[in-house]
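When the chains are written out, they are named A, B, C and D in that same order, and each has its own residue count from 1.
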């Protein structure tokens, strides 16, 4: 039997809060998804004005980052023409996202879930996703709790 | 009427055993799928720590290699920008995999099934898939049995 | 953060072995799938002669039993005409199975995975799935090992 | 290694010819699909006036009959409310057909493929499918050869 560590709902809310705060700062309404380590959705928020297409894309970014234990941005690099993972973007019915904005949440070396953000540029999406993770990891260390 | 040769379940186990042994050697937990010559799943194993996304990708690599009677790596080459098969990676709902790691199993000139491996780099996946085939083909000749 | 218990690959093999033994006894070649508690495939075997359609159905029975933490048979009851869950069989793109043969694996009150069996009658499928679970649970208590 | 017998293309044409002839007799333009024993399409014809929806349904009827080694009509019976296979009609993304018109082709006890017919009433579809099989089996015995 294996023992797995996984984000709770309150953890997921913390991740979303961090991403949402950053989205407000840069003025881009985002879709923000948090999945567990198996890629299953825990929490999702579409900020008013977030894109409809991004409701799916944010989820798939988080699914990819959790399931493959790497950022979607790293796939972007690895799937360029001539690179080894070229063509992987259409895998799993197109759910495997290679556009930046999906980042695994790593605690003590274990992937415990992932966050996926979509509606801005890939750089903005990634920025907000990372802000969510920073906020969450800070909460694990600091006195604040959800 | 046609007569077709096809991997049995015990053949599939032999293929998986060979791939798994190589995966242990290189220290990468893999998802390993074996399909028959029609691309239908015969056996599958996700080693502890294998990627969730690879449960599908390993099966689709085997499906592609069996169905198209060629390695997924050969599609990688053929589907680069400007090459004739460019864009084929999204065919069949994204099941057609062009990333290395899917190899047909050929016995006496006939494709009798395929193996698909995923979770490492494409080169590692392909290495393990080939080890599975080598192990299986050796078992056909030698005295060793599973 | 949550802590989750999950079947390992060796656990999954034990479950398949128990189901396969029963399938041999009743003379029905089966497709047998084991998923983790999130419904993601760990291991699969199609016995020689198992049905092609059952390669998918066995996986979806295990997915349903793990994900919903109940037997697919219990959904059969609940989804009859006039019953509250009527029509749920087509949910999740048809992956939600209400035909008997999918059973969650429960250890110390936690669903740690599931087994799905298909190719016989629903009663035969369920019988073999339960035999897989019995074999696995006995192995947790006893000295026997895979 | 297993040895499998499978319909050839000329066999498939014979099956379609028999079904088409019957369709002409009853005055219903049909979609007629023939798959191999794994449910993969070998040949298909939509008679002028055949229904567009039936291009898919005929294929799925043949897929079901081949993959499950039974008539789709037998599933209709087994999947009525209160019957063991109730709810199976939506399995495999809805490809599992329980409406009459899909019949496996059995030669010397082996399922070697299947025929699926759609556009008429289920009884008409089944009638034409059976006529295809009768025509094919007669050709195996008689002086005419494929």
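Keep in mind that, in the parts below, contacts are C-beta pairs under 8 Å (C-beta built on N, C-alpha and C of every residue); 3 or more make two chains touch, one makes a residue touch a chain.
As the structure is a prediction and not an experimental result, all values here were calculated from the model.
Taken together, subunit A and subunit B share the touching chains C.
Interface comparison, C-D against B-C: more C-beta pairs in contact at C-D.
For this pair, subunit A with subunit D, the centres built from the Cα atoms lie 46 Å apart.
Averaging C-alpha coordinates per chain places the centre of subunit A 31 Å away from that of subunit C. Here the spacing of subunit C and subunit D, counted between their Cα centres, is 30 Å. Averaged C-alpha coordinates put the centre of subunit B at 25 Å from the centre of subunit C. Residue numbers of subunit A whose C-beta contacts span two or more other chains: 2, 38-39. With chains as nodes and touching pairs as edges, the resulting graph is of another kind, matching none of line, ring, star or complete. By the definition of touch given earlier, these chain pairs are in contact: A-B, A-C, B-C, B-D, C-D. Here subunit C touches subunit A in the complex through residues 1-8, 11, 36, 38, 40, 107, 112, going by the rule given at the top. By the touch rule above, subunit B contacts subunit C in their complex via residues 8-9, 12, 38, 40-48, 52, 55.
Taken in their complex, subunit A has these residues touching subunit B: 2, 38-39, 63-64, 66-69, 81-82, 84-94, 96. Contact residues on subunit C toward subunit D in their complex (touch as defined above): 48, 51-54, 56-57, 60, 75-76, 79-81, 89-90, 93-94, 97-100, 121-123.
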